[in-house]
Amino acid sequence: MGNTFGHLFRITTWGESHGGGVGVVVDGCPPRLPLTEADIQPDLDRRRPGQSSIVTPRKETDTVKILSGTFEGLTLGTPISMWVKNEDFRSEAYNEMAEKFRPSHADYTYHAKYGHRAWPGGGRTSARETIGRVAAGAIAKKLLREFWGVEVLACVTQVQHLKAVVDPETVTAAAIESNILRCPDAEAAPAMIRLIEERRGEGDSVGGIILGVARHVPVGWGDPVFDRLEADLAKGMLSLPATKGFEIGSGFEGVLLTGREHNDPFRNVEGRVVTTSNRSGGIQGGISNGATIHFRVAFKPVATVMHPQDTVDVHLQDTTLRGRGRHDPCVLPRAVPLVEAMTALTLIDHALRHQAQCGHPGSRNS
Amino acid sequence: MGNTFGHLFRITTWGESHGGGVGVVVDGCPPRLPLTEADIQPDLDRRRPGQSSIVTPRKETDTVKILSGTFEGLTLGTPISMWVKNEDFRSEAYNEMAEKFRPSHADYTYHAKYGHRAWPGGGRTSARETIGRVAAGAIAKKLLREFWGVEVLACVTQVQHLKAVVDPETVTAAAIESNILRCPDAEAAPAMIRLIEERRGEGDSVGGIILGVARHVPVGWGDPVFDRLEADLAKGMLSLPATKGFEIGSGFEGVLLTGREHNDPFRNVEGRVVTTSNRSGGIQGGISNGATIHFRVAFKPVATVMHPQDTVDVHLQDTTLRGRGRHDPCVLPRAVPLVEAMTALTLIDHALRHQAQCGHPGSRNS
Amino acid sequence: MGNTFGHLFRITTWGESHGGGVGVVVDGCPPRLPLTEADIQPDLDRRRPGQSSIVTPRKETDTVKILSGTFEGLTLGTPISMWVKNEDFRSEAYNEMAEKFRPSHADYTYHAKYGHRAWPGGGRTSARETIGRVAAGAIAKKLLREFWGVEVLACVTQVQHLKAVVDPETVTAAAIESNILRCPDAEAAPAMIRLIEERRGEGDSVGGIILGVARHVPVGWGDPVFDRLEADLAKGMLSLPATKGFEIGSGFEGVLLTGREHNDPFRNVEGRVVTTSNRSGGIQGGISNGATIHFRVAFKPVATVMHPQDTVDVHLQDTTLRGRGRHDPCVLPRAVPLVEAMTALTLIDHALRHQAQCGHPGSRNS
Amino acid sequence: MGNTFGHLFRITTWGESHGGGVGVVVDGCPPRLPLTEADIQPDLDRRRPGQSSIVTPRKETDTVKILSGTFEGLTLGTPISMWVKNEDFRSEAYNEMAEKFRPSHADYTYHAKYGHRAWPGGGRTSARETIGRVAAGAIAKKLLREFWGVEVLACVTQVQHLKAVVDPETVTAAAIESNILRCPDAEAAPAMIRLIEERRGEGDSVGGIILGVARHVPVGWGDPVFDRLEADLAKGMLSLPATKGFEIGSGFEGVLLTGREHNDPFRNVEGRVVTTSNRSGGIQGGISNGATIHFRVAFKPVATVMHPQDTVDVHLQDTTLRGRGRHDPCVLPRAVPLVEAMTALTLIDHALRHQAQCGHPGSRNS
């Protein structure tokens, strides 16, 4: 029962690495949004294997099909079911996975929890699971953009120890897409790409940090006390594979400041209340304050490496396992659309929730 | 509708700083747990103002009353309603808050979202809101301890730039409670306490980091793909006031390692599968793996400082506001029971969820 | 976890017959609704024991206190907690209930499910549980009336075999409240009242039927396919104690008609689409069509009778039990506000849901 | 957001009459249940058009494909996605539906609510929507049968005014399937079938009543106060197309009895607590008591008739519409598996909920 995200814009993903495919059902989408596969496919292409020299060379086209929820090019308000077929090539490289638990993967915990496990390609724990999120996220991004003017972006800002400089206020989609890493810092990106290639050459892998940004979010989204906007963003991000941390605004560095240094002063700028700094990260008390939302997500280095590592097998015997086949040396470029998707899904849910509670006929917000 | 946390062990908190009090309703508690106010009050006392020289000197006894859900000292399986009366002293120091938005507080966003705001003492945004969480968390901790042998702890590990050394495997409640800061590193704690006193003397405030720990969690808790155990922990932590970040296991530092360095090898130790390192933080693929769960939460410096700061008023005019009255110079010692509460509430919910899906009569786990 | 009703206007009730009281937390109420105890108490008075000669003569004042969620007479958008103290007189008449299961009550099933049971006064199974529903329902009714112009009513239309004639289109609150039975048919009511008194004189009890009505509901409320408006009404009604059936529009009698006879023709009447008959009961395909919603709820005769009846005790031994003390001979007059409450709670939740999905900025409905 | 049913065994259906198909995602299914399409298809065949002379002669094979959630013939504990392709023949008979609202169908309310409507074949309001329910229900029935020994059945007991005699304690699947009507009363069924054929000959339609039965349900399922077992059954039944009423146990007739006559005495029979009558319908206080659960559901006559009827068109102009094409003269035989499905889905959800709250390690129920 953990395969649903959102309350009002509610997505349910399904599918294993092998078998009939992967997909998502989106329930609660507002009616009359123009929508076809052409709105979805570009984000899936950004997530797809084989897109560049620094991701896995596996060839999967990941072509999405909308099975329901639209008619004559407009959403109906009914569930939107989307499906991407598996191409279902069962690599020889996978066979050892039937018996041995890959270190720092989910093989062992799935085995222990469910007592039965789809081992080919990792089954449900495969990165293919995120296809449904990206497809649903593309709808969420379109709704946010068209109905509320909200812009959602993400980009790579750190690879292992190499850091980029990115300004959440001004970064553009064009700059992000200008290189295969999706790092908009043109000076830092080439060295980062070389580092990834180097690690891959060593049969090793790296991790890094992705910045998430949402601009022009209206004041008022977020539902204290538990469903604070940053709490739901944190959940969305930590629900992504390979994530180890989330921080918003000043984040962990913020603890080095004192209160006087950290606080964001308010000013009236042309009739709007703005903060003259943004250590709050665009959210105060769990509710958006109109400033740019910006946060960072830590992705660990990819667990599959081309070296023998200690592990146990399904009979709980000690053994070793060496990664084989074609894998990502770094998850970051393909994870950028995932961060965007979870950001958009979190925001659209709160947009609808805000409309529900505070958009009533008697409200000054109506 | 954001005032409920959990699906099966479901808590709903209510209450403003001033008015009839604050409280919580716990729905889904298993029946026949021995429970009286004496199980709840100690954690409330750890959260309470006036408990030491480094927290606000306000005097509030925060005495809890169980209004329902128990009979003859045992839980009934029906909702447990708990209530703490407000003492409702409306300080003169608060009056300016009716008109001016405190910087980096939630006054402005509540005003903008709801169009109406209980300004005395911050209303719903007051730290008093967390009383209900701590009361419910005390029940969750007792259930975890008595029925599953799980131990939940939290402690302070950093104050501004001063860091403590704490081992999640061995830290004890006694060591944590051995000083007023709740930092178990006896060498580091005195300097940290002095730093807090110094900042208070300057009319300023500090933040820091709290470590959360759960030991002896059974293998198998957590519900991929969205309700991964770390995702729900992240949400719980970021739902706490003043939090800016969450990281689990290797966290943000983990991105500096390569895959080979980062992976946790498995070994069979006396018939149990264990990891010989724990950069995963006790969770793999969203499911507990039996190792100690450990994570860190960043708390920003307290927003109320005794210096004039730029802000706007309810008429959106620029003005300044200076903190007055009695405030915490540092939220950390009182936040330790909050981190424990949200940890325990997250774990108990997943304990029940695991029982629901994987504890059926036909299961080997039953 | 079954003590919450609604998704967006979400109520959680708590409390046993004896102990600290009974209450409710309402989460999701729109902000800025004028609200004081004076809006709630009248409906509680209609539910209260001792209000007339045909209900239990027990004296309970059931005075409600709002503990949170309002400020200066307006709702805040935060949880509204309401509490009614128990007067907690533990009648001698109850003592046998500690040992013996009352036939057709819930004593045995609670005992078997939870393994522990608050037997005084029936504990959670007491009719006092419905106080929280009525209090929350009063808020829902006020919201519906003030913001959407919707009118919610209920009345008694049958007592055992005696039937009243009531037109859902024209029945008024005044007519309903004109007698102690809450039956607006002035001709039928006196005989019905005499029947109740007669049964009470025999130490016996009766049941009957309550009509629920909602007028001026906007077109479009209801969420197919599972959360059809009539499905949620049915759930609300069957969640009330002592209910055995629900039917909407033509109901069970409707099966006697053919399709030609049963269908409701549409006509354009002054620019509005109306049905010239209303066998649909105001709902088509799960969505309100603008016509009056009308449905009927069957209440069984009260289970407590003043005659010895076969039962078993907690040791599972056969025995007999005879009702003692002061009981309702008929639940109907006090159940009228319950039916209104559950109707209003169902409708307001769907009002907010409709606003969420179909009230977006790009919608023609916005 | 109304397309999900259940909390722990949670199904989400999707799909319109025309387009990519219809389907369902089942989340929360316990792992390691043997499951293939062969477990699902038989119930879909019982729901299918063209199965007999008294249902619509449309030819649809409704072949189900399991896309995810199983591996090597066992459930994985991950979401089970099932899909039935549409054959997508767009009948000429449907064209008028683009412009005219069918009386007592959902065309008008969908149009008004969503502002956009898939008119071919009724879109989401088509009976094809129920395919997903039946597929998910087949899994629920198998779980109930294999892990808890619970048997779920439904059958026709009334067609228009013709009534059958059926005993919920003894009725068998074989008797139900012995005729095309699914009425186990061999004497009554032939006349009922003739009546349906007669009405069809007249271009008219009929409705009737279906009995739902669940036997060997353990004591203790059901979650007071709102999620009483009968409340969730009522919701499930009223969520089915064409239903107008639900009654359990004594139902609406029960109001004719006095309390003395209506109560179910308890007796100890071979160490088990049983009721010597069953007017409660197997549920007391919202919790199963171990007796057979039995209830009745009213289905209105089919709305599509072969006669001109008054209606309005999308321009709100008065007009007439005459049903054309191939339609069911009576929904009952095809609705029997729907009632079984919603019964099983309700029960399995409560089985898991009971396990969650009352099956903990410290419980005597564990």
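Labels A, B, C and D are assigned to the chains in the order they are written; within every chain, residues are numbered from 1.
One rule holds in what follows: a residue touches a chain if its C-beta (ideal position, glycine included) is under 8 Å from a C-beta of that chain, and two chains touch if they have at least 3 such contacts.
Bear in mind the structure is a predicted one, so any value in this text is a computation, not a measurement.
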item	value
Result of counting contacting C-beta pairs for A-C and A-D, higher pair	A-D
Same-residue or different-residue interface between chain C and chain D, half as cut-off	same
Reference chain A; chain at largest CA-centroid distance	C
Interchain centroid distance [CA atoms averaged], chain A/chain D, Å	38
Inter-centroid spacing, chain D versus chain C (mean Cα positions, whole Å)	26
Centre-of-Cα separation between chain C and chain A, whole angstrom	45
Shared interface positions of chain D, touching two or more other chains	1-4, 7-8, 13, 28, 31-32, 77-78, 113-115, 124, 224, 353, 356-358, 363-364
Residues on chain D engaged by chain B in the complex (per definition of touch)	7-8, 28-33, 77-78, 143, 146-148, 224, 351-353, 355-364
Chain A contact footprint on chain B (complex, rising order)	1-5, 7, 13, 101, 103-106, 108-110, 112-115, 124-125, 129, 158, 160-161, 199, 202, 204-209, 219-220, 222-228, 230-239, 241, 243-252, 254-268, 271, 273, 275-276, 279-281, 283-289, 298-305, 307, 309-312, 316-318, 353-354, 356-358, 363-365
Chain A to chain D touching residues, read off their complex	1-4, 7-10, 12-16, 19-23, 25, 27-28, 31-32, 65-71, 74-81, 83, 113-118, 123-124
